[in-house]
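This is the structure I want to talk about, given as structure tokens.
In this document, chain identifiers A, B, C, D and E correspond to the written order of the chains, with residue numbering beginning at 1 in each.
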Amino acid sequence: MLNTLNVVRLLPELILLVTALVVIFVDLYARRRTALWLLPGVSIAGLVLAFVAAFAQWGAQEVVAGTLAADSFAFYFKLVAAVTVVLVILASVRYMRERTRFLGEFYAFLLVATLAVFVAVSATDLITVYLGLETLSIVSYVLTGFLRDDKRSNEAAIKYFLYGAVASAIMLYGFSLLYGLTGTTDLAEIARRLQAGDVLANLEWVAWPAVILAAVGFAFKASLVPFHQWAPDAYEGAPTPVTMFLSTVSKATGFAVMARVFLTAMPSLGEYWMALLYGLAILTMTVGNLIALRQTSVKRMLAYSSIAHAGFILMGLVAVTAPAGGHPFNGLDGVLMYVVAYAFTNAGAFAVVAAVEDGTGDATLDNFAGLIARAPFLAAAMLIFLLSLAGVPPLAGFAAKLFVFAPVVRQEYYALAVVALVNAVVAAGYYLKVVKQMFFVEVPERPAFAVARGMRWALWLMIIGVFGVGIFMNWFAFMSVRSAAGMLGL
Amino acid sequence: MAFFERWVLTIILFWPLLASLWVLLIPKEQEDRIRRVSIWMSVVPLVLAAVLFVDYGTRFLGGTGGIQYEVQVTWIPQLGASYHIGADALSVPLIFLTALLTTLSLYYSARVIKHRVKEYFFLFLLLETGMFGVFMALDLVLFYVFWEVGLVPMFFLIGIWGHENRMYASLKFFLYTLVGSVAMLLAFLALYFKTGTFDIVKLTEMRPFADDIVRASLVFFGIFLGLAIKVPSWPFHTWLPDAHTEAPTAGSVILAGILLKLGAYGFLRILLPILPSAFAYWGFLMVILGVISIVYGAFVCMAQTDLKRLIAYSSVSHMGYVMLGLGAAGVALTGSVPWLASKDSAALAMDGAMLQMFNHGIITGALFFLVGILYERAHTRDLTAFGGLSAKLPYYYGIFMVAGFASLGLPGLAGFWSEFFVFRGAFDIVRIWAAIGAIGVVVTAGYILWRIVANVFLGEFNEERWGNKLWDMVGYEKATLWPLILIMFFLGLYPTPLVNFFNSAAVELLTKAGFMF
Amino acid sequence: MVPLSWYLAVAAVLFVLGLFGVLSRRNAVAILMGVELMLNAVNINLLAFWRYTQPENVAGLVFAVIVLTVAAAEAAVGLALFIALYRLRESVNVDEIQLLKG
Amino acid sequence: MILKVVFLLVSLFTVGSALMVVTHKNLFSSALFLVASFFGVAALYVLLEAEFLAVAQVLIYVGAIATLIIFAIMLTRGMMSGRTSPRNDQAAWAGLASVVLGLVLLYVVVFRVQWPVVEKPVPPDTIEQLGRALVGRYVVPFEVASVLLLAALVGAVLIAREKEV
Amino acid sequence: MDTLLVLIPALPFLAFITIVLVTNHDKRLSASLTIGATALSWLLGWYFAFRALLHPEHYAEHPMAWTVPWFPGGHTVFVTGFQVDLLTAAMLFMVPFLCLLIFIYSLGYMEGDPRFSRFFAYLALFATGMLGFILADNMLLAFIFWELMGVCSYLLIGFWSFRKPGETHIDHAQVERARRASLKAFITTRVGDTVMLAGMVLLYAMTGSLRWSEVLAPHTLERLAEQMTQMPVFGDVRWATLLAILVFWGAIGKSAQFPLHVWLPDAMEGPTPVSALIHAATMVSAGVYLIIRTFPLFHVVAHGHNGAMWFVAFIGTFTALFAATIGVAQFDIKRVLAYSTISQLGYMFAALGIGAYVAAAFHLLMHAFFKALLFLGSGSVIHAMHHGHHVAHEHAHGEEDLGGLEFNPNDMRFMGGLMKKMPITAWTFIAGGLSLAAFPIITAGFWSKDEILAEAWHNGHMWVFWTLAVAAFLTAFYTGRQIFMTFFGEPRTEAARHAHESPKTMTYPLIILAVFAIAGGWVGIPETFPGLGPLVKGWFQSVMEIQAEALHIHMEPVPFNPVPALISMTMALGGLLVAWLIYGTRPLGFEDPLERPLNGLWQVLYHKYWIDEIYQGTIIAFAKWFAVFLYKVDDVWIIDPLVDKVGRFGRWLAFSTRRFVDEQIIDRLVNLTAWVSNVLGEWFRQIQTGQVQNYLLAIALTVTVLLLLTVF
């Protein structure tokens, strides 16, 4: 039964829900001119409130109503999601205004998606895990296909939808096996049952299928190769702010869920899923980067790059350990660090893409030529984001790389380390291609263009975020180490 | 005084960053103001660096020595990483060199760069902070941060203001260096896991992996790769000719003058003190790479027709001396050199390597300025296009000869000392390899005199082609070169102040690494 | 009583049949039908496990209910997307949409 | 024994219908077979003594989803007569993958694993317990599912609506 | 007072700096600065020299010195400074004085050169180098000045790679020759110097010091003589021997000994005063000075095992004969002198090799005077021929028949009969020539050379003795040939006919030098020489022996032996006589009388044994080839095929792809990586077909395969 205290724990989710409804109502009743600023305003206010509500509970460690955890790990992701969605909203103000009439619904959907994220990252039961992920997915399909009169948006949504449906069905099958083996859907309980004698005998046959089939769903969400193929198409076709969302928050959710399920429910199957993820990590970063190398659309290139980054994030999970004394570099903190760094960075890069699309029509590499002269702020911002993606200190990407490389070195996974090293360089190669295009190529004939106000704010926030994470690494390290330690039971 | 001691490094370090931000705030149309601000702002760290040099020299040298002006502020307590900076007898001269070359480069660029001025000066000042940071950092994370910070502006300097093939060169430069630096980062992490700290001073005391040569070697090569690419040692040098050739003049100067030194500095600041056993174990490899670099670089120079490329390759050769000196010291560290005649040899080899770092900065910096001056007039770097400039441009000729002779290690000029010290050390430790390396000395004379001087300055002047297009050095060019030339002369005759610094550093480093004098 | 494995066998067959439909049908709606079959298979699994291992614990039932609900929501969104697709292209053949690739 | 026979018949019916769903050329027929298959599954639920779920299955799958599907088929009917093949180029591969996967699943799930089967009757108050669970322990999923349904509905309407005026 | 030692090299250096930076445009002032500074150095130098020479016992043990700490190295501090002991004093007597004379001479010789000021600046810098070298109290400082001399030599040899004074047009061949000669000089000596540098650093390593006083201290040397080192090829070698030989290579380069002698003849492209000063009197003999200075190191190993001494003797002796033979067949008046210089330096090394420390030093000084005199004389001749040629041209005598040869003021075949035209030059030249030919009793050259031969005979080095004797004969012969071809007979060309005496700035130095060339040797008449000996009491020998004693080298006084003395006299007189018979008795044409009779041998000698060609064809060719080879490896070979491949690959890729390839991929390993990445990337990209069912199939296959792999 729910008591009052538990409701407080659910406050962030409730705030989001209410905000989403308010947004719908505002959309119904406000005049269009007012709605244009009121809708994002209300949404952001709601997110900020949710952020505050989540932040206020930082340090809690309990399970709400049996299926949701109110722990630092969940709050961490909620905070990241809230901030990122604020940025997405800021970036989408003008972009969406010019492309659709259904602004209220758009923001409401974003809020519901965030709500789904909140549920998914704190889910402690296979049912909530599934539901959270699926809610996120379904809302994401809608968001992706939001520009319903745009062939590309629609195509992206359909591909995303079909892929997601199948992936989640496969995952479900895996869940059903887990359930059958342990007779429970509660993650912690599963872990306990997996240690029981009668279950152990069967592990030989169920462990791999359960791990593999369940991993398909997470891998789909986190777009790990070879379960990534929806991602480039969806990212490219989706409205760019939605891409921002998908490539950061949605992906982070995939990792959060994966980490929680694997770490809470299957710690005893560590060698199984770690081996699987080891392979996936190598594949993901390599294939993502190699394809990114060959792209001519910056948006698509970033899509592949975000796939590659998923491989880097995965390194943290592959090498996860529980060092005595709760020291940093346990692997999971790398995932967390990466997620926050990546949220600012990748969202930023996609935001710039959105701004360039706004200014020039589309986001081919060619359209980035001479950007420094045409929109210096955008070029500078993009440079910062790209450098951060490449892991250049003192930007966020460096902090992230540091924290995911570290556990790999600690575990002495040399092959993975070398592959990651090579990939970091390959990635820098195509990021620099964009930098080159923006700064080294000069096209005096192309006109300058302006950047929307909301976008400007969003970009500034993200730049500050990128520098902030890099320079004040200690704060973020503190938070991620704490969250991770809680998750790892330290 | 206390204030000075506590803040001087921080001010030097971040002053250029502040200056660059100031430049960023000036509207880009006010080019003259940007230039003035940059130059004058860069003078501040120069003066401070000079004061630092004198202060360290008078107060600590010969006395306590060691790392002074230390500042340690907690940065990432979880990782034991801190904002920990300091300077010892090794870094103080290099900080000065950095400040000097930057100011000269800015001064020279102010007249030459007319395109995208604001960005140029912004990046240049940013670059200075990066370089200072590397020379000051006493924390591996901080070191890495500044190491990379220096990378980006140089990428732009080459890519935007470079010559025809600049995009390719800049990309190559960046990616090469990145490979090394990521490998280095991995090795840093391995050190961290062994010891639980990133602090260089603490690591030096702990000497991780002292009894595990396999892991020590693994870590060693991680860091080695990063540093050797930067130095660059053969066979990691191939980014250098392109980067140097395509960079704008001041970019080449800084690239050759300072950035290459970052790599060599890393050997001395990180590898030697922290991993002395691996350093000793692999010292011989460094000797071999150093010797190959010397001879190979020198021979390749002989085949060049592009003046700038030639000087670029000469850097490979000259930085080979650094590697040779360091490697020889490493071999001596093993204690298994039965024929070692003098315990001083190891220190002298290191003195030589350090001197070479400084001298090469001065000399090659000057040479790149000189090539730039010629290029500004002729718009070609083809050696064979010239001839007889000694008569037409006597002033230029004179300055070039001094720099050229210094480069080929003529006694009486700065370059000699580094070669002398390196050979003095190396001949006692790795005799045969040092002897092979000595071939480079002859070939160096060959390419400086045969390729450059004979082609460009002697012979006949092509009146038809050049006519009035070439004119002798003018005021600002002279002002750029004279400080360097004077230093070459001064150090050539009286290297004492600098050797005092470096010898003190070398003795200290070797003692810490367990060398028994 | 019917052995558990029989149910599991039916579910497995249904699952791969659905998968086959998903993989081989051109029409988007037909693919969706395949997906529904797969979800049904999962539900059979869930219920069979519930019945045979923990009949007193309703988690399996709850799970099945949720799956049902989600399937409905999914179908709604999916079909809406197909209709939009049809409006845009006069066809719902999935192998004909490939604007986005590479 | 009878149960087993019934089970076999029901499952044959279900699987057979499902086979027709994925193989029948005519989409509309496929949809009808799908309905049949859904009914078969509902019958299996009954055999599993999950009557509530059987009812829900019929209501939701047959009543809602299958109807939606048939609607969608009607709405998108224009070009879907049998002129072109209903299968794509990779059908063979798809068949291979499905068969192999099916065999693997059967081998593992059915033959290898000793599931921890307990011979217990279904408690009589199962439906009540289900109700309690949905407002107790599983209240959050329950609520979220409702939000999801709402959102999906809004989204579907938003996307499927006729072109703007 | 001893601190003033610094001024001796510093004054010319200041003059150099001042000229370069300030007075470059004022020729007269520049020349005055150089000459003034050198004059002051000379006075100071003589003050110190005579102070030392007058109190030999004291200063041999305790040289006048000025020191300053230089730099630390490890735990020891290197101290540097200047010192004057007796050996330095002897050099100090000669060097600044000669410098001054030759500088004054240059005033006239370089008249009208457009780069007159710079010439004097270089001269001043050279004076710094030479004076610093002899004064240095340690090998390192000496090496610095040694190389400084090398640079000045380089700069001055190439001085006319621009334009000669008075030339109206640029002589392209001359420019090219000067350019090559300067390069050759620097790089060839650099080879020797590098070996020497190796020897020096090893010496430094072994002894911990480079100060003469410490390195050459007896206990240090004994240690070096006892310790063995393992060498590849040679096996066990004594340290002292190894170090001595390495150091000696520096001298081989600087003093143009075989096989590094090739640069010196070419160095004659420089202005004649330069040849006289640098390439005859001072710099080249610096090599000898170096060996004399480090003689204890050579000498320390007991006789039977002394590879170093033997090596020095061999190189010296061989070079003495070898160069003398070449000198016989040269026509260029300066080249003859150049080979003679090489030969005479060989004499000195031979002397050192057989342990004749004093004799070598003595010959060094004497040779400096008479060879400087000869060069200045030849310069005067050339100057005159040059003017004569111009005058002849102005008088429009039409094209002159030169036997198919091109006119060259240096060529002795175009001279003849100059005695009447320029008597001062002629007489002083003859004085110098006789001294070189070792005309008995009266000339300086006789006394110094005779002593070397006497020592060789006395110490039983018969092969050295006889080789040197033959060389002495050849020396006398080519000297005579030169004198007869130049000054006697009738003028053979218009230029010679129109030649006239040089200005006083040139002739006065000649006269002064002539005095020294004859009378200088009288200070070194051995005490044992019958008749003259007791008069002089071998003053020079006694002084130098004190120095040697201070270094613990024990010199046996050589008793007078008439046999070698007579042989020596016979050789000198015989050579002159034969020369007179061949060249003095009948009019000469443009062909040498020996050219036909000797035929093949003549060609060998004329072409200097083709040593230059051999070097050109082997070492230099190899170095150039190797350079190009490495460069290609580095930049061309490994790239190009790859680029090719990439290019072919690019053709079937999309346009954007090709542009990427063209722009990005032109390098080896990185490019290979890039290439592979791109191929793989493209391949993976093709997997991304855009068909969602393909993606789904991929999932299905992946899951199936994974399950198969893991379950079974």
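As a working rule, a contact is a pair of C-beta atoms (placed from the backbone, for glycine too) under 8 Å apart; a residue touches a chain by one contact, two chains touch by 3 or more.
Note that the structure is predicted; figures quoted are calculated from it, not measured.
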item	value
Neighbouring chains common to chain B and chain D, by label	A, E
Neighbouring chains shared between chain B and chain E, ordered by label	A
Averaged-CA centre spacing for the pair chain E and chain C, given as whole angstrom	95
Geometric centre distance via CA averages, chain D-chain C, whole Å	6
Rounded Å distance, chain B centre to chain C centre (Cα mean)	65
Distance from chain E to chain D - Cα centre to Cα centre, in angstrom	101
Per-residue overlap in chain C, given as positions that touch at least 2 other chains	15, 18-19, 22-24, 31-32, 48-49, 53-54, 59, 62, 66, 70, 73-74, 77, 81-82, 84-85, 94-95, 97-102
Sites on chain E at which at least two other chains make contact	685, 688, 690-694, 696-697, 700, 703, 707, 711
Interface hub residues of chain D, defined as touching at least two other chains	88, 90, 93-94, 97-98, 101, 105, 108-109, 115-116, 138, 141, 145, 148, 151-152, 155-156, 158-159, 163
Chains touching one another, given as label pairs in label order	A-B, A-C, A-D, A-E, B-E, C-D, C-E, D-E
Complex interface listing, chain C residues touching chain E	19, 22-24, 31, 94-95, 97-102
Chain E residues within the chain A interface of the complex	656-657, 673-674, 677-678, 680-682, 684-685, 687-688, 690, 692-696, 698-699, 702-703, 706-707, 710-711
Partner chain A, residues of chain C touching it in the complex	15, 18-19, 22, 28, 31-32, 35, 38-39, 41-42, 45-46, 48-49, 53-54, 57, 59-60, 62-63, 66-67, 70, 73-74, 77-78, 81-82, 84-85, 88-89, 94, 97-102
Contact footprint of chain A on chain B as seen in their complex	74-79, 119, 141, 144-145, 148-149, 151-152, 155-156, 159-160, 166-167, 170-171, 174-175, 178-179, 182-183, 185-186, 189-190, 192-193, 196
Chain B-touching residues of chain A, taken from the complex the two chains share	327-329, 372, 387, 390-394, 398, 401-402, 405-406, 409-410, 417, 421-422, 424-425, 428-429, 432, 435-436, 439-440, 473-474, 477-478, 481
